[in-house]
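Common to both upcoming complexes is subunit A, partnered first by subunit B, then by subunit C.
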Partner chain A sequence: MAHTFPSVEWFQALADIANGDDDLKKFGTLDATVVFKVAEQHYSVTFDILQARDVHESSADDALEADFVIELSPEKWQGMIDDIQTNGRAGRDWTLNTLDMIDDEPIHKNLGQDGFAADKFHRYGPTLQRFMDNSSQLETEFAGAAVTT
Partner chain B sequence: MVLTRDTTPRESRPALPDDFAQRFGAQFAELSAESGDPREFSLQWGTRAKPGNPQAGLTIDDINVGLYGHIPDRAESRNRIPRGAIALKGVTDVGGYSVCDAHRLWSDQAGQLYEEAIQSRWQTATDLPWDTGHGVPEDVELAVCQVATELCQQSQTEIEAISKWFRELNPIYHEVKLHLACNVFDAARMFDGYYKRAMLNGGGMLLESTGYLNRIIQECYSGWTETSTLLHLVRGSFTHTILRYLTTYGPTQLDRELAGRCLADKTRHIAYAMDHLRFSFSKAPERAGAYAISLVAAEAQVARDEADHVLWEALAVIFGGGVRGMDEGMEIVKRLRRDWVNDYLDRMAWAGVMRRAGVHPALRQWIEEPDTEAVGS
Partner chain C sequence: MPTEMRESEQQPAEPLDQLLEYGRGNGYQLDWLRKRETWGNELHPDMEHGGLRLQDAEVGPFGEVPDVSDNETGRPRGALRREDAPRVGSYRVKSKSEIWMRNAAALYEEALTRQWSSATDVPWETLKPLPDDIERAECELATFLSDVEFVAGDVPGRWISDTSPDFFEPRMFLVSQIMDEARHLDVFRKRALANGGGLMQQSRAFAGGFGSSIDNARDFTEMSVRLHISGEGLILSVFRMGERMAYNDAEKEIYRLCGSDESRHVAFGVMHLRYLAEAEPERKEEIHCLLDEVEAGLAIGEGTSSQNLLTRVGSTGSSLAVLLGAGNIEEGEKLAQAMRQRQIKEYIQRVKVSGFGERFENGRSGPVLMKYVAG
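After this line comes the complex of A and B, so read on.
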């Protein structure tokens, strides 16, 4: 079944995979609320130690409460997901770390300018990358685009 | 400290094992003329810890119940007594443990950081894709070995600097010591990982760094807060930035994964120092001047280290894909230097130390928006 990106269903499916992924635990705990921003849409996922829960679409105001927001253009989100699906994991040009560094503006930020919370992007980086890499298991269709597997 | 006695009537308590009084009772009786039953004079008998979050299990913070969770502003005993235990009569200070004030070491985050560290189990030997680390052009391999040498040296400095302080940190603040024990382990793992990386393709260890900052970290006697600030926030931010760039520009999957794993560890170490420094300021704002003096000295040594081109050129070769790409690589090195200085200053600002205006001139050239400060929340 194809899941449309971006949508609550897509992130929920990713959370479900994470919650059953024993290998993800080897990358360490993830204790943060993360908002994924796609254009003007915000999707919040609360990572509670080893569980991804409370997946919901949130408002821009709610994003202020997140530990950090990851913002990419729709084209870059699609590029990352396509790359993960092609290779089974993000290649060098499409990891969260690379995307965060390659342009002048990092892709992650705490909207309240709380640097301690923003640093959690790196503190939980390997686990978060594994979370995104699991999208290789999701049949994804992009809003207004063809299905990719 | 309030001594909480078990108020259960003696006759309604279950009996102690028959041999208890014979084996242990005499020792306890020395503390209490009334009874050899420790339930009568335990500081808080009957205190039970429960997991706060089923996902996390029973964490080190969960056992902070009742008086066991009382973090004193100042430790009264300078010996190895665990928090909540009963001090023996007549035992004097055992030496060391000079850091007895919470504001000189405490962080509310230490317990969680410790839990994260021990949960994040990985080992360089089997959790890294060593087979992907071959086939690197020789000039790039040499540059990788040079960077690995310097990262090993930084790890050694971290291990020794923290280890030196263990005996000075009062164990009543056990969360901090547990976290720092993991920090030492993490540094050992980073040393191990980069030493192995250097040995993978025949390059080995190359030129040691100038090491001016290493030296003042090792020789800092001002206090643990000052040492942690130099080690975790000045040096730590520098190492953090190098690792961050290696997660992208590392020439092999191995290099990128090794850097990514070490980066997560390093961010935990920085988190402790940020939170500790902020806590310290909240309790002892008058110490700000001492921190500033430490930082002036540290930044001067950083400037001396920065004048050495070896590390920058090695990174430029890696980032540029070889000696021929060094010019392009050096542009990335400039971004790296800008990022590390700004990250360092942002972290200091979060902790409450505004350094942008007074930062060493050699670092000032990299500052963005010199008139603004990042703020914490």
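After this line comes the complex of A and C, so read on.
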């Protein structure tokens, strides 16, 4: 079954995979609410110790409460997911970390200027990357595009 | 066990009094059997939310952190004093503001759950023969990083036994940092040897005394600024860029895992500096002077005194260019330049979060640094 990106269903499917992924859990516990921003849409996932919970579409105001927001253009989200589909995991140009490094501005930020919370992006990096890499297991179609991976 | 004691509480006090009386008459010191005021305050671990965490145990007198510690005997915080205890500790760090931070217990717990093994958590089997120039650059960088991580473990180690046990949370975090740095030292040593290259020459920056400038810090905060905010912050940027210059999944995993550890250490430094700025604003000027010194060293191309170990001069900086450019050193240098710029931007962000951002608005921060960021 194809999942449309972006959608609550797509992120929920990713959370379900994460919750059964022992290789993700070996990276350690988390305590963070992460908002994934795609154009003007926000999707919130709470990482609570070893579980990804409470996946929902949120508002821009809700994003203020998140530990950090990860924002990419729809084209870059698609590029990342395509690359993960092709290689089974993000290649070196498409990891969250590399994307955060290569542009003038980082892709992650805490909207309330809480540096400790924003730093969780780095501290939980291996887990978050594994979370995204698991999208290799999702048949994905992109909203507004004919492209299906 | 508290359960047993609750049963005993239901009994009349008389048996305890009788026992104490018996002890007094027969040479047993049993006064310790008397209940403390904290008796019966159970902790309730939430196994769905991280279990029984260190921060959950910061209750009552056990969670009271003194502003100034008079604990010279190694007494666990909150334990009752013994008048005859010897003064085993001669602790230099006695003031809370000298070492404290919010979230130290949480960071320590996070460190415990995020330990990994360089032997089994790195997919070494993905390491394949590389072109000679790339392999030598890998070995040069691995030599440098192994060197760096030795210092990063050695320096905080000196401060652990100098810190009052009343401030055990940051002490224990530093213990976890030393374990992390030991693992980083070993993983880069393994990387240097794994493909048959071996360790190369020690970095000029280290031979030039960078490590000793951290080690000579006279005060914990000074050490933390030099190590956590500046030194480890710069290395964190290298680890983050490491994924971009990885040639296989083994290297990618090494940099990713090391980056996760390193960012915890940087967070420790940032949060400590922030606490100090709030608790003792009168020390801010002193810290600004220290940051002046750090930033002078961060400026690019300042020779062997530079604290930025990735200046383009020297084997470490050029090894980065080789790796980033896949042998095309000109192309690699462009990427390395972007990385250095990002290093400085991230340093500025950390200093802002620490509560010292005014220096970037009032002209205090050096023009060389600001020009570099703008460039």
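Descriptive notes on the structure:
Please note the rule applied: the second predicted complex is superposed on the first by the 147 of 149 C-alpha atoms of A that agree within 3 Å, B and C clash if a C-alpha of one lies under 4 Å from a C-alpha of the other, contacts with A are read in each partner's own complex, and residues count from 1 in each chain.
One rule holds in what follows: contacts are C-beta pairs under 8 Å (C-beta built on N, C-alpha and C of every residue); 3 or more make two chains touch, one makes a residue touch a chain.
Since we're looking at a predicted model, the values are computed, not measured.
Residue contacts after overlaying the shared chain place A:G112 against subunit B, while subunit C stays out of touching range.
When both complexes are overlaid on chain A, the residue A:R92 reaches subunit B and subunit C alike. Shared-chain residue A:V8: touches no atom of subunit B or subunit C.
Across the two superposed structures, the residue set of subunit A contacted by subunit B and also by subunit C is 26-29, 31, 48-49, 92, 95, 97-98, 101-102, 113, 115-116, 119, 122-126, 129.
The touching residues of subunit A, when paired with subunit B in their complex, are 25-29, 31, 48-51, 92, 95, 97-98, 101-102, 110, 112-117, 119-120, 122-126, 129. Across the complex, subunit C is touched by residues 26-29, 31, 48-49, 92-93, 95, 97-98, 100-102, 113, 115-116, 119, 122-126, 129 of subunit A.
On the side of subunit B, the complex with subunit A involves touching residues 53, 55-56, 112, 115-116, 119-122, 127, 240, 244-245, 247-248, 253, 256, 260-261, 263-264, 267-268, 270-271, 274-275, 346-347, 349-350, 374-377.
In the complex of the two chains, the subunit C residues touching subunit A come out as 48-50, 103, 106, 109-110, 113-116, 121, 236, 240-241, 243-246, 252, 256-257, 259-260, 263-264, 266-267, 270-271, 338-339, 342, 349-350, 352-354.
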